[in-house]
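Going by the order they are written in, the chains are A, B, C, D and E; count residues from 1 in each one.
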């Protein structure tokens, strides 16, 4: 169970996060949407320990991990992808995953006991490229590799920052299936940011909407889809 | 066979390039061979790039090629192992120019130098400086070049105090200094001003020091060791008045002496000689050939060495005589102290000092 | 008191020479991530140009100074064209080694074709004039050096923040191809940077030769090593940082030389560099580098 | 499930050892050819080359995995050499060279084997101390820290004359090493470097040098791994120093200073710092190249024409080779590949 | 205006584009679609001269194969690349100024900047923020605005909607339509196939480096099954 409570974060004059709270249960897929610059990535940065919040706490199963650095968050089982890709460009696809797997085997052996690298690479259509350097993959493949690498940490919380960016409808539908499969097999809590509404609405059970650093709406997909405030600042029209 | 084979792993390039004697040896060898003295000299020579490892490899090659005398980069970390290696071949190692005291302390039994150790030179300089009227001196020392730069000024001080002078200060520097203003400010702040500043360093460092001291109003002497002996000294100082207050000890006087004539005539014959070290190299070759004659062999290094150490005097190419009888690994020979008059080098003094601060 | 003032002046003069060189390194680094160890050889080229001109009998300072600076600029441009352009997209270590290569090549060329030994160059001796202001001994050379570094630093900062070419230089450091994609002639941008660094090295060469009165094939190595350190303590790639780092290094060096008891004199270098290490460990981003929290962003 | 999982684990150890043997092969062949000629002086040159292999491979452990450039590896070469020298020189010799050595070292003489063990311990301790400072910093600031370390260490070698003899040579070290023995040591170091590089930790460390933030987000303990690489590298380099001292018998801190730093760094980057094979190739190319060109300097007779002597040519050529090498292969000759990656490429296991 | 024939792009042994021919006429908007790894970005990078390629590329009927990237851009081409590639160390404003670098006429720069700020008010708020610290979508806006700053004749957009909120996507596509109406020629790579086909005159469908289908955009849009068949990757 992930609990985010009262997070605030300022960058100079910009309030990127204002008193943000959010919960995500094991096995839940939570969508996170909002206009550009709303603070979604910043929130993920805080949860994953990449940013130190000015105030507030991030509790995983009751233990606070906020502000202790990304290593602590990762050891607690929080894995993430990056909106601007951050692969190990000159390592092979297999090695990229191995980096996470090595940590997991040392720190959370139970979580990756059943992890079958080969089968996962097949599932993510990366097997043919497994020995190629990550930098040689196309943008979409690189995104899938980021997800798979996060998965190899055996996460209890998986944070996906725009995983479907750069994918077309067919590809993002397949990706949604893949993520759902992850939830079913690993039972982790998943927070997904994306601007592809088909994708996010098909995938998540509940959606949190942010604007100007604050949560402005929260609820089941259908309610959000019809929320006039959400339509006005984010959607533009009903999808 | 009456051929004396000599192997030179000469530092033709690299940091010791200014100190190689290879072309002088070559020049003298050709002359000896032409003169039909009964012994012919064969010189094997390659560039050691001043690299100890390469020096040793080359020495190995020469020894395997039957060289009975070898020489390499003039620095102990080349020459000491080289001498050890040569022991196994019954060969001997010489150096025309090495002044480091440790060469004579390392217990080598097959080594010969052609110059006096640093402390002897410093003592000779001290007597000349004292004679010039200086009574107080500031010593400038540096760890950059071992005992040469660190201890030689101290030995100078020891000899200078023995004569009745006084060391009034010590300052530190690194070799390669091209701006002395902090040290100059230190000396400038001394009262009274010292009569002399002694330093063992290289050109251009010492030239800049002299210039900057003078610019700061210093009127005393700037003296030092063989590092001053570089043809570019005068032009780098660029001022006859400053030069007239400089003095240094070296290994052989050049101007208007047989050494100078030797260098000029080799140059005329097309050898790319550098200067003083070539003359010293030629001297050394002379000693070796004469020693071989005495010993009646060109292939037994030990016998040649014994003959050299037994002989009373050797006549040198550069004029003068030396003998190894007393010190065995280095010769008692006069130490020229050079000064300047009207921007030209002049021989100020040429004696062997009474007091030897360090060497046995 | 006079002694202290005198030493402060000396430190400023030391520092401004490092600053001048550090700026030359920083401008090249800031646009193409190249740690140009061959910067010292640009100085050497300037210096040997003076020597060659004197040998050819063209020894007037009015002729020697501009031509030496010009030679340094051309040298820098030539290095860029021949050696650095092909490794432009390569990792930092590659650029660094290429620069070593250039440095070795140039040093050995002077060694082979001129001499391994120092050669006197005394035409600029005239700059070594001492002026007394009360008890203070000011060297014309020191004042010139200080002034020139100041002007050059300010000029460069203005250039880099105000002109399009300057903006392009800053942008090129991170994404060279994108700079070309907005239609900027990238080769020209980089050549300009090298030209400027050559100019700075040329000016430094004039000062260095004026003071030394002598040249050697490896005369550029030590000053540039120090300048490199100055760059890093100032915050590598930052021009004001390079200038400040240079001055600071000057103060550290002179300070240690003056304050350290003589029996520890041999440890001067150790203490200077231990201080630098301390600065780096406490402020790895450099004195002028800002440590901003970036999160998953970059800058 | 578990069994497939096991079988799919990458068998890095086997690959690293076999690959390491392949990596060492060119060095072995060259040395065997030289031994076969029976020319003692060439054996000496080859020995210097083997020492360089050990040092450059040691450097690779640090640079190739942590990223960045190191200017301080030769400090450990020097410490290794001095440590065994100080510990193993016979007592009577010590009376001559370091009579005032501190810690009672003047009256102590160990067997070479014991000296090596103690020396390794000393190096490890010093590596931990320096490493703890250096691994805290990354990027170019870390490079400069290593530069500082080099200068500080050199300054101490020069200053502490009662122990290191300053810039005077330290002589009298037992000389028992031979080229075959050195080759065996070098092979062990190469295989060790390969094991570290290919191990999960090696991969994690390389990942952190590619993208530090991402590595931290995957719980990679960057500081600890960097420290590990630093220590292993220091040990390997110090072993280079030891076999050097035990062969040549006389050492001097000057010969481990900048020229040697630059030469070894050049060898590594030219060969390709990201692979151990690159380290070996770099040493071979530069050593053999310089030796060939040196022969041209002496004015050899080629096709009946006597060429002029050109001293300084080998320096010129070294510079040219470096520039050319980098221009043609900016990632180094081997790039990120090992010999075995070329001969037996890894293939995806598509069934 | 642009005509590509038999374009081949290879990265070592990997063939990314295998003999593609493609044409864009003056004033037209053409969409280039295809699954991940199809070779869309490679095609565009080849056009810009940033990856080595074989084949003929004609712009305004003149071959541009031998021109440098910057010279191609100076012919009036602007590219908004994949992955945004804003100048991370420069401010928003400085990024825009550099975007206009190929425009010799400086007098219009101020006006153009205001125009971009009108289009993306968010950027106006952030004008002095260092671009690297913008949010992903803000960077995307900046990348598009930067491309517009040069007033190109031929605009190439590689996935302009990437990472943008739905409302902003609307804005962008409206704006692309406006640009087209004003006579600008546009080549659009887009994963949002519906939107791309709605705005384009014609489209090319690429998969595994080769052309799979081409035709009028409206025809293709009317036949979603066929398209989906190619988009599976």
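Couple of notes before you dig in:
By definition in this document, a contact is a pair of C-beta atoms (placed from the backbone, for glycine too) under 8 Å apart; a residue touches a chain by one contact, two chains touch by 3 or more.
Note that the structure is a prediction, hence the values are computed from the model and not measured.
Each chain's centre was taken as the mean of its CA atoms, and the one lying most distant from chain D is E. Chain pairs A-C and C-D differ in how many C-beta pairs are in contact, and the one with more is C-D. Among the remaining chains, the Cα-based centre furthest from that of chain A is the centre of B. Put simply, the C-alpha centre of chain B and that of chain C have 36 angstrom between them.
Note on chain placement: the centre of chain D and the centre of chain E lie 49 Å apart, centres being C-alpha means. Chain A and chain B have Cα centroids lying 75 Å from one another.
Within chain E, contacts with two or more other chains are made by residues 133-134.
Residue numbers of chain A whose C-beta contacts span two or more other chains: 11, 41-42, 50, 82-84, 86, 161.
For chain C, residues touching at least two other chains, in rising order: 108, 111, 116, 266, 268-269, 296-298. Shown are all chain pairs that touch, namely A-C, A-D, A-E, B-C, B-D, C-D, C-E. Contact residues of chain B toward chain C in the complex are 13-14, 17-18, 141-143, 150, 170-174, 176, 178-179, 181-183, 185-186, 188-189, 203-204, 207-208, 211, 215-217, 230-232, 234-239, 274.
Residues of chain C touching chain B in their complex: 2-3, 6-7, 10, 13-14, 17, 108, 111, 116-120, 122, 125, 128, 130, 137, 139, 142, 208, 211-214, 216, 219, 222, 254, 257-258, 260, 262, 265-266, 268-269.
Residues of chain C touching chain A in their complex: 293, 295-298. Across the complex, chain B meets chain D through its residues 12-13, 46-47, 49, 52-54, 56-61, 64, 75-77, 80-81, 84, 100, 102, 105-107, 143-147, 150. Taken in their complex, chain A has these residues touching chain E: 11, 14, 34-38, 40-42, 83-85, 125, 136-141, 161-162, 165-171, 174, 195, 197, 233-237, 239.
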